[in-house]
Each structure stands twice: as structure tokens, then as C-alpha cells.
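Chain nomenclature is as follows: A, B, C and D, assigned in order of appearance, with residue numbering initiated at 1 for each chain independently.
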Amino acid sequence: MKGKEISITEAVKKFVNDGSTIAFGGFTQNRHPMSFIREMIRQGKKDLVVYGHSSGIDLDILVGAGAVKRAEIAYVGDEQFVTPSPNFGKAAEEGKLEIQDYSNYGATLRFLAGAMGLPFMPAKTMLGSDMLKSGSDKGKSEKKFHLMECPFTGEKVVLLPAAKPDLAIIHAQMVGEGGTVMIYGQKFADDIIAKAAKEVVVTAEEILPEEQIRQKPALTCLPFFEVDAIVKSPFGAHPTSCYGLYDYDPDHYKIYVKAIKSNSFDEYLERYVYVEHREYFERIGGVEKMERLRADPVLGYSPNLKR
Amino acid sequence: MPEEYTLKELMVVRASKEIKDGEKVFIGTGLPMIAGMLAKYTHAPNCVIIFEAGTVDSKLLDLPASVGDPRCVYGASTCTGLFDIFSMLQDGKIDIGFLGGGQVDKYGNLNSTAIGEYRCPEVRFPGSGGACDMACLSKRVVIIMKHELRRFPAEVDYLTSPGWMDGPGGREKAGLVRGGPTTVITDLGVMKFDPSSKEMYLDSYYPGVSIEKIRENTGFDIDCSRAGETEKPHIEEIALLRNKIAPKGSLR
Amino acid sequence: MKGKEISITEAVKKFVNDGSTIAFGGFTQNRHPMSFIREMIRQGKKDLVVYGHSSGIDLDILVGAGAVKRAEIAYVGDEQFVTPSPNFGKAAEEGKLEIQDYSNYGATLRFLAGAMGLPFMPAKTMLGSDMLKSGSDKGKSEKKFHLMECPFTGEKVVLLPAAKPDLAIIHAQMVGEGGTVMIYGQKFADDIIAKAAKEVVVTAEEILPEEQIRQKPALTCLPFFEVDAIVKSPFGAHPTSCYGLYDYDPDHYKIYVKAIKSNSFDEYLERYVYVEHREYFERIGGVEKMERLRADPVLGYSPNLKR
Amino acid sequence: MPEEYTLKELMVVRASKEIKDGEKVFIGTGLPMIAGMLAKYTHAPNCVIIFEAGTVDSKLLDLPASVGDPRCVYGASTCTGLFDIFSMLQDGKIDIGFLGGGQVDKYGNLNSTAIGEYRCPEVRFPGSGGACDMACLSKRVVIIMKHELRRFPAEVDYLTSPGWMDGPGGREKAGLVRGGPTTVITDLGVMKFDPSSKEMYLDSYYPGVSIEKIRENTGFDIDCSRAGETEKPHIEEIALLRNKIAPKGSLR
């Protein structure tokens, strides 16, 4: 291994502590760092505080495994399969999870403040919402927001406190050996989340020589020094999509949702999480499944996916 | 017996009419997305569909499964992320936002967070996502809902996305600079908001739906005196939906 | 002409008013919209308020032509040729120009606030500097800054008022007929300035069919609707550089500086500004000059430029 | 007679020593850029040169004429714009910033705005640019100046870039979270700042320069008791400068 590359086992061991504040890249059912998250469950990490905006199965599988103490999020859902994501919904209804709600823009601006080295970011959103009434939830953040009058215009502005997670995990299509990150398709808030975090691990479909990735510096979204470790993880976003390479996996989402609804999530974990990398691919459908999900290089997705 | 149109198709067609040509539309997953695509294929070829996950005016050869779907990228004018898109919204550049939710009250305030006590709710919804942002910051909002009594309460359990708040002047008092809901499209009919009282009234009911049924399914007094029957979808619109836009059976 | 394309004459006539607040893309001696600026001088625009960060000959030539009333900037210089830019320096020393100084980050954050629809942006820069002592200069901005204590951390933060110019002019390598903008090389703050402005004109080396530019949406930096008009303007950044196409022109910079130092700027304007497009190229050195400045396609600049 | 080294070469070599291997360096046009390139070719191959106009760690095959020069892009880890770069700086990710200016005082406060009255100055400089940002936000600052009496006043006419302000605790009082100047490199010698008083003192003088000459050209009392002679550049460093980094004659 060259440069910053380490194994997924080492990466989770080294960077995730019980109680860590952590943020994942991706958006609902797209480009979440799922292979890293499965390893977190295998290593039994717990009491995590997850900062997110549009979470889905990334947060949900961790909640189901009992690894999450608190979530500061805007949305947790698996789109057409189920909303909210089933473990999250259950845990919330049972009062087993501390939750602090922001809007998507609000959550993004909190990461932006973190990335900019500012203690807060002003906004004109969330005004009038109960998210600015629930006040200070118990837990890590002492103050959820602050309302003020603009000294220039007199208008009402809300200040949102910076989010600076201990760790960000981003799944990218490509990363250079030195850490330069290239993301294809929507970046979501991944670049901002990474810049806000104290440490950053990138899992990637491909690791390239640094010189090669630097042939197109306009396409990179994180300079190498923002990244502390990289992990080679082909198909690492499955069952979520990875633009340009593979689509989301409707079959697997159905299995996931059914397992939870039928109270057999432990069996799901046994079959799909406590399992070797190679065996995982066989269990999700092997080479035929990978071919079905494979993206058309021009369109960026699998045009004939049965969904 | 081949139906003339399904209820969902009627809703989608009606929703698409809310979009004027050239408008910039902030759209979520599901029915709104189909409505947006239909508008683009019919009366509003120059409307601009914007997805919060990062894309503007994509070609949409296939219906995306989420606003962050790889299907949203092809042919887009730009492909970026949440920050850029929401900042355009906050800067007043988006004309219309489509929203759904778990509950709506007579002022168009929406709840997509939780029913019951926030900390230990009876029902937990997915949360705001971009809904509150659209409700606060787009020039106007169209709501798409299932019309049920428990979904149309006098007051929402949790105000996720501000409508007209507590009536005239409510948004201004909260510090909101523009916007507010104009239309609620349900599976029973179409509601609008009175310009002076900001209260929801029935604008039209679907063919075969009685005003009585709408009253029964609405948890607050609703003025039905201005209502007529909703216009039926045209055959061309239904054909477009079935053959071009919505995958088989998705609007059944 | 298709889509939003208009001529440079029309563009200046339609979008620039006497007294307009205006911001130009570019950075010191790179990618300024010079052809547009020369047309502004030809049309005798005056009393302009220019918002900028790292200005150079773009602002300087307008100051020399007597078109600028006020400048809110961070820097005005032509790098190795002369700093500050000579007309600007002269006008400042003669007290003929209202100037409000910010730092480069401060100036950028003011545009960012404008682009985000916020009345201000917080910052941890400029603290302790006299730029936060000169207080409220006379002129358009009523208040230059506001100091506050962070309600979350108690630390000192400065709030900088949004900049929302009437007009932004950006010079790009490529633009689609509909207005989608593609900039190669450093973007500077051009995308932010454009989003902050009420109206945007893009001058471009090439105008492409919109479908063509949309084949690479990850490389575009402004969606089409942010742009109100586009102008085809090959070599439109000369004598500043345009990454990937041509380098800055040291000969012309020397002519420019010499003209001002020898009090013959009127003659410079006569020879290089009050002149037809085609004739301008002949006067700056014709086809031989263009060949000398032409960028190597891999490097992005002219590797053998005598400078 | 071929010189062993020129004064500018000596300054550049001395400046390059300020950069440690692996450090992230925020650099402006001119001598600092040459010093950064030299450090990269000698003792600090892994230092990261960052240009405020938008590039990080580029290959620099040719000396850029400005920090926004197309020459800054080749081989960079990323190519973006001012906002991203300065935000990294504000977030505390940059180790060292190189600054010049028109005036510097004994606390390392810099003026690059104007001499005389601000509104109608005797001499107008180009303004802060990114200088104030570097002075406020990088972990430490190195200043490169011409050593003249009028450039080393007791107090700067305009404080563009904060040094140690009015001494110990000055930066904290102003709200600055880190940083401060450590070294001033002039055409006569090298100054540092006393850790407790924050006042400038002479650390070393160039071969052939007397302490007296430095005192004469400094507008405030300067402690010269700790000074020795500056180390001369090595022949390899000069060769690198002349053959590889600086275009012909630029350091004469």
C-alpha cells in the first residue's frame, strides 16, 4: 500500500472511537460510505453522535445495530422504499435516540461554518419553524440556535452553531494515493463535511497515482492534505448508488426493509454485515447483480434497472 | 376496463398546472417530480427543475428515484451540491417549491417531523429535509397531501415548514422575507388560501367527490362556497404520463 | 445570434448605467473582462461604483478614463509591472476617488453573503486591522462592518455587509447559448460575484450550443439562468491572461504603465480603446502577438513567453 | 567578477529556511514565491505551496507572475477560488504566511495601504489583498521588507495586517485566534520577536552589514545584543536559483 492507504479494519480501529461525533457523505440512497459503516458495526462501535443532512441507510443500519446515541439531522429516509428509514423511525418512536432536527440547508450551513473556521453561520431559513422552538435539546450542543436582528438591515436572522465532527467518512469514485479526492456527479455536501471534520477517511472505488488524479485539478473537490487516510473499497457504497459506476440496488433495499419490518434485523446483520467482503458480494447477488447495477458511462446510471 | 385516468394521474396533472413556463421549480421525490416532468413536456417547456442535492435543469431521460439520484445529472446546466442550490433558494431565485407532509393545518403549516410529543412521538416522519427551506424561501409553495382527517388537523403537532403561520402578517413577524403556500392538492380536491385571511378554502373537488366528503376529512372549518369541479386531465397528458414519464404502474 | 447572445455595444448600453454598482471577474492580471471595459469607456459611462477584491488594469483603466466615483476593494495592482496600478494610485493620492478597503477574504465574503441572499457574513479576519477602524466611509455603504460577540463561544466576530452589485461582468473561456458558464483554471471569485449581482453579462472566448456545454455539468460554474446576456469576445481578456488559451501580455503592460507614467494616458486611450476590435489586435501586435501568447494546451500558459 | 551571491539571493535563501518540511505555506508574488520553490527543491520537498487565487500544491514548472497566474494550475491537488482557499486559512489549516508591505513597526504590524492621511495619502499602496487575512489567520507570519528608516517607523500610518498589535495580549484582545509574526527578513539582516515583550530584535546581520547601519535604518529602538552574522547561502542553493527557479536576472 502506498501513501495514505490503509485497510478498512485499520481505518475503523484508528479513527472511530466510542462516543465519536461522526458525519457520513452521501444523500438518502446515494454514495454513502456503507462498507466503512458495516465495519464499524463489526467492530462494535457505540454511543456515536451522527451529524447529517439527508441520511438514509447509513444512519439507519447503525441505529439498528444499537451504535448511535444521538443524531443531529434533517432527514432520514429511503425514498420510495420507506420513510422514515425503519430502524430510525422505530428508535425515535421508542424514545431510544436523542434527535436534534435541522433543515437540510440549516444542517449544511452548520458544516459550512465548521469548514470555514467560524463559530456559526447566519441563515434566513428555519424561521417560524418549531425547529427554532425546541430550543436546546439535551446532549452535546449546548445551544441549538440564536436569533438576532441584523445590524445592517434590522431584519431577523438565525445563527446556527458550527458542526465540527471528530470524523468524516466520504465515499468517492477516485482518490489519489496522497489523498486528493475526485467525486463524480452531485457532490452533495461531502466536500464541506470533510473540511469541517477534524479527521477525514475517504473510501474509494479506485486509488490512482497522485500525479494522475492531478491532471485535472479543476475536477478534484478536496486537496490531499484534508484527507488523513484512504481505503480501497470497490462497490463500497452498495446498496446506495455511486454515480458513473453503479446504481442503487432495489432488491437489497427490499430485503433490508423487510428484515426490519419482520423483526429479523439480527439475521440481516448476520447475513450481510458479519461477513467477509467477498462473501458479501456473493450474498447480494454476485457478478450478475453487479452487471445489472453497472452504470452506463454516458448516462451515469443503469438505464434498464428493474426498480 | 381501461380507466380514463387514475386518481394519482389526476393529482399529477393538476399539480403540473401550477408551474408556469420559464419558472424555476424546486422539486422533491415522487409525485412532484412527475408533475414537473409533465409540465416540461406540455405547457411549460422552459420550466427549470432544480434538485436540492445539486442539479439544475437536467434532461431527465428516466424518472429519478430520489433528488440525489444519478439520473438527475444527465444534461444538467450544472451539477454541484446542496450548498449552492439552497443558497440560490435563499437568494430568492426559485419561483415555486412542491411540498408534502404528514399534517397540514388551515394556514398551510406543515408537519413532516413527528406526531405526538417530539421526544417520544406516536409517529416519527423523516424530518424536514429541504422542506422547511422551500417553505421559508421559495416565492410560493404548492402542497401535495393525502386528504385524511388526521392529516388535516386544526393545528399541526410540530411545525416543520411554515405556511402562513398564524394568519396575516405571521410570516413577516417570523422574519420570513417572501413566499407562502398558494395551493394544496389532495386526493379529494384542490384548496387555495384566501388572500386576506390566509385561511385554506376549497377551490375545486375532483369528479365524483362530494364537498361533504372533503368537509368530513378536514379537521377545521373550510370555506367551500367558491368550489367547482376540477378539470379532468386531457388524454394527451395521460398518454404522456403512461408512455413517457412514469414507469409502469407507478401512478396506479 | 442565438439564445442570450448580444453585441458588446448593446450589452454595455443595456446593462451599464451611470452610477451603477459593478463588479468584474478576474484576479490582478488574469481573466478580467477587458473588452467589455473598453466598450464602457467608449460609451462614456461614469460615476461607477466598483466592487472588487484583487483588481488590476480592469479598475485602473476605468479610473484613468474618469469613469469611477468609488471603489470598494482589497487590492489594486499589476504585480511585477507596477503596484499599485498607476491610475488608481494617482487618483487615490489626489483624493479623487472614494475608496473603501477590505481584505481579500473580507471582500470575497461580502460577495458570498450577496450570493447567499444574506445581509451579512461573519468572519475572523480583519480583526485588529485599521480597516475595522476607518469605520463608515462616506458613500453608498452606510456601515462598513459590525463587531459582535459570538452567542455560542463568546469570541469576537466581525460581520461584513453583503455586496450585491447591480451588474457583474465575467470573462469565461466558454459559455452555452443559454448562458451556462464554463471557466477553466482558477475560478477566482467569479462564480460568487455573478451570483451576488442583480444582472450578469458573460463575455466569452467561445459560445457553444447549450447541449454541448451540458455534456460536462460538473465543469460548469454557473447555471444558465444566472446569466442575462452573453457576448462573444475572442481575446476579450487581453492584456490579462485567459487560462488554457492565452497568457498575459508583458509588452502591453509595459506600454500601459509607460503611458501613465509619462502623462500620455489620453494617447493610450486613443490608440487602444477608441478603436475597432479588429484594429485593436493589429495595434497590440497582430497575429504574431497572438501566437506568442497562445497557451500550451497541457500547461495552460505560454511556456516560452518573454516576460 | 562573478558574484558569489546577490543580496536578493541571500534574502530568498534565508526566507526559504523559514519553511519546514510538510508545512502548508500561503505565498504571494515575488521573493516569497521564489523562496517557497527553493524550499521545495531543497530541505522541504513536502511543503505545500498555496495560492490565494485558488490553487494548492501545484508543480510550478515556471515561476508564476502572480498568484492567479495560469502557471499556478499545472499539477495542483485542487484548482478552485479565493473562497475555498481563504476558508482553509480561517479554519487554521495554514502554517505560515509570507508578507511584505510599505511599513512595519516594532511589533510587526504592517502597512500596505497608505502613507499619510487615508483619504488623501502621500503614498498609496495596493491595499491589503490577502495580506491582512494571512496576518490574522495563519499560524505564523514571515515578513520580507526593504530595510529603510521610513519603512521601519515607531508606528505604522495604517495598520493593514496585524502583527503583535500593541504587545503581549494584543492579538487576543482584538479577537484573533492564533498566529503572529515570527521573523522579518530585510536587505540588511534578520529580525525576530521577543517571546515575552513581542518586540522586534536583531537576530542576525548579513555579511558586510554593520549593526550600526541597521540601527540607523530602524525608526525604533532595536535590541541587537543577540545578533550574529547570517549564514551564507550554499553554492547548491544559488545554482538552483539561477538555473532552475528564477528567470534570468530576476534576483540581481
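Here is the rule we use: a residue touches a chain if its C-beta (ideal position, glycine included) is under 8 Å from a C-beta of that chain, and two chains touch if they have at least 3 such contacts.
Please read these numbers as outputs of a predicted model, since none were measured by experiment.
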Shared interface partners, meaning chains that touch chain C and chain D: A
Pair joined by more contacting C-beta pairs (A-D or A-B): A-B
Distance from the mean Cα position of chain C to that of chain B, given in whole angstrom: 41
Chain A-chain B separation of Cα centroids, rounded to whole Å: 27
Whole-Å gap separating chain B and chain D, where each centre is the average of the chain's CA atoms: 57
Touching two or more other chains - residues of chain C: 117-118, 123-124, 155, 157, 185, 218
Numbers and ranges of chain B residues touching at least 2 other chains: 55, 73, 79, 90, 137
Touching pairs - complete list by chain label: A-B, A-C, A-D, B-C, C-D
Of chain B, residues touching chain C in the complex: 24, 48, 55-58, 73, 75-79, 87-88, 90-93, 137
Parts of chain D lying in touch with chain C, wherever the complex brings them together: 29-30, 52-55, 61-62, 65-74, 79-83, 86, 89-90, 113-114, 118-133, 135-137, 158-162, 165, 170-171, 174-177, 247
Touch list for chain C against partner chain D, complex: 26-31, 53-54, 73-77, 79-80, 83-85, 88-89, 92-95, 101-106, 108-109, 112, 123-131, 133-134, 147, 155-158, 185-192, 241, 243-244, 247-248, 295, 298-301, 303, 307
Complex interface listing, chain A residues touching chain D: 114-118, 176, 178, 180, 195, 210-211, 214, 217-218, 220-226
Footprint of chain A on chain C - complex, ascending: 117-124, 142-143, 146, 148, 150-153, 155, 157, 159, 161-162, 184-185, 218-219
